[in-house]
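Paired with subunit B in one complex and with subunit C in the other, subunit A is shared by the two complexes that follow.
Entry: the complex of A and B
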């Protein structure tokens, strides 16, 4: 009962938030709505018994990624409305409806056909730990079965961090609006 | 009673919202936001499958998707800032150098 209430509340809130992200004209509203939607998504993870994933979702998405976006938006003019010229609306909406139907079919088809045997069953930590739980399960599977992908992900994050710093810090001493008010800046210096 | 189908349908709805965003938006920053929506929709689907099949692989894939999303944002936003410094625009139509 509570699960149903929570599921429908979270799903309505998430759909509204993501709808705002997609349809608003203001970049700041879009970012705030996206941050809210991420937090509501983490509610689904808690409902599904994946507590560690929910915590990671809040920390990484609402914390790190939204902070990067917030800092990145300092470079852009966000007070202006986003101007977009769309050529053919009918084709676009037809395409999106078709793809949505396709996705639902793809996702729901395997349920009726396959009996999947679980490779790493939930509760695997009972063999290793005295007080098993989701975090223990995740740790055992991640650090035993998925150790190499985990290390590769760490290297990928390092490379991404370095590339982000190198890309943005290039010509950092130059002002973004320097071309516009060249004379004023010259006076200050 | 909430079943797996509920979660998968929700995941499909969120994915289609993101897909509409990817096709509708012409601003590159908004395109990044739509990409985040797509990745989140897939994550919900993976977590739901993981719960209802009693298999932890789905959660593992969700973790790696989150890692990929984080690095994608770092690199993508760096390139976008560089492009904005060069041209003063974040519009998708401003990138037409490879137009045949």
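Entry: the complex of A and C
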């Protein structure tokens, strides 16, 4: 019973939070609601007994949204409402209908097929001498069964990081303020 | 029936932790003023009660009865929520800390931990870092230049110390092979020489430094450094809303002190003839005294110096430490 109460509490809170993210025009409200929603989602992981994933959800998303705040701080006046300028309403409507249909398909497909089986069940079904913890489960799945996708993802992230550094540091050897005096401002910023 | 018993027990534990830690946090402010005063050859608060001990009550009355001002142009809902985040996350993080060894009252065994999840350390670190949202939101919602600068510095501080504290913890966790704080404590039950600080001195040092940054204590209190940015994120706050930030800060200090003593200093294992509960109290008192001592002894650090320190000195050291630990383990 308590699990049901917790589940419905967390789901209502999560839906409200993401609703605010979509409908508000204030960047500060949107970002704060996003952070709150991400933290409420970790509640579901705790309910399912996947504490490790729940904690990782909190750590990863709190850090990531902190970076979004930094960008928001640099690019907007976050205390004022953003004036949206929508060029064509047709595109907007088309996109929202497509995404609504997609969500319906995603949610109804498992109900329709009615048999969700994990390809590589961990933890309960395997005959370990003792039930290994969450961390061990994740480790076994990542480093034995899905080693290649895991390493590929790591390499992709490395490529993205290196390209980001290269893009930023093209003219790092020159001092920006010195350059300001010689060239026009528009080129640098 | 059993389920209800567990829930009642958990609620009682949570209330006790909340009350005791909030009291300790308030008392820590008094101790801080006294210790700083004696280190600077002053007397500190002396007039209210014997040796100023009732200054606590006076400060509490002042904070509660002060006018609650909300600036006209502030984003009001967020401005009001922000101070609550600091103590809320600090006390949530305490849910996974085993405060004392098990003890028996009237034949009923009490485990002084609110919830023994098996990823305790990660939970505490994660929730404590969510606490940095309090200064961030406060700074961004109060439409004040100093507050905004404080918020920007909060982001810098979080991105700097989180990497160091995570990597520093990794090496001792590799030795132990568990993320549960109870397992970590039991790993060191072989007396003084089995404390992890002897095997992992570098990790201890790095984690302690990151702890100072995480709780905004003095060498790294760049987000509210009064000589540069008035009071940082807290510039526009008054009364109890301002007080909540500081209850959060002191609760976080206690959390970090518990983490350091459990992970590196042998936790609540009995030592010689001293029982475990007294031992861990001695350890956290010593660590909180270290916090105050450093505040009296060290100058502030600029934001760029802090980023330089965290990313170019401490992070490589932590990586080297992990590498050496891994080679030794293999």
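Things worth noting here:
The rule we apply is simple: the second predicted complex is superposed on the first by the 109 of 189 C-alpha atoms of A that agree within 3 Å, B and C clash if a C-alpha of one lies under 4 Å from a C-alpha of the other, contacts with A are read in each partner's own complex, and residues count from 1 in each chain.
One rule holds for everything that comes next: contacts are C-beta pairs under 8 Å (C-beta built on N, C-alpha and C of every residue); 3 or more make two chains touch, one makes a residue touch a chain.
Quick caveat: nothing in here was measured; it's all calculated off a predicted structure.
In the superposition on chain A, contact of A:146 is made with subunit B only, not with subunit C.
When the two structures are aligned on the shared chain, A:168 is found in touch with subunit B, with no touch to subunit C. When subunit A is checked against subunit B and against subunit C, the one touching more of its residues turns out to be B. Judged by the touch definition given at the top, the superposed model places A:29 against subunit C, while subunit B stays out of reach.
Of the two partner chains, subunit C is the only one that A:135 touches; subunit B does not reach it. In the superposition on chain A, contact is made by A:75 with subunit B only, not with subunit C. By the touch criterion defined above, A:16 reaches neither subunit B nor subunit C. Of the residues of subunit A, those at positions 52, 56, 69, 73 touch subunit B in one of the two structures and subunit C in the other.
Against subunit C, in their complex, subunit A makes its touches with residues 2, 26, 28-29, 32, 35, 39, 46, 51-52, 55-56, 58-59, 62-63, 66-67, 69-70, 73, 78-79, 133-135. Listing the residues of subunit B that touch subunit A in their complex gives 1-2, 4-21, 23-27, 29-30, 32-34, 36-37, 40, 43-45, 47-48, 50-51, 53-57, 59-60, 62-64, 66-75, 77-82, 84-85, 90-91, 93. Against subunit B, the residues of subunit A that register as touching in their complex are 3-4, 7, 11, 14-15, 18-19, 21-22, 27, 30-31, 34, 37-38, 41, 44-45, 48-50, 52-53, 56-57, 60-61, 64-65, 68-69, 72-73, 75-76, 82-86, 92-93, 95-97, 99-100, 103-104, 107-108, 111, 116, 118-124, 137-138, 141-142, 145-146, 149, 153, 156-157, 159-161, 163-168, 170-171, 176. Note for the complex: subunit C touches subunit A at residues 3, 7, 73-75, 77-78, 81, 117-119, 122-123, 125-127, 129-130, 132-133, 136-137, 140-141, 143, 148, 151-152, 155, 158-159, 162, 178-180.
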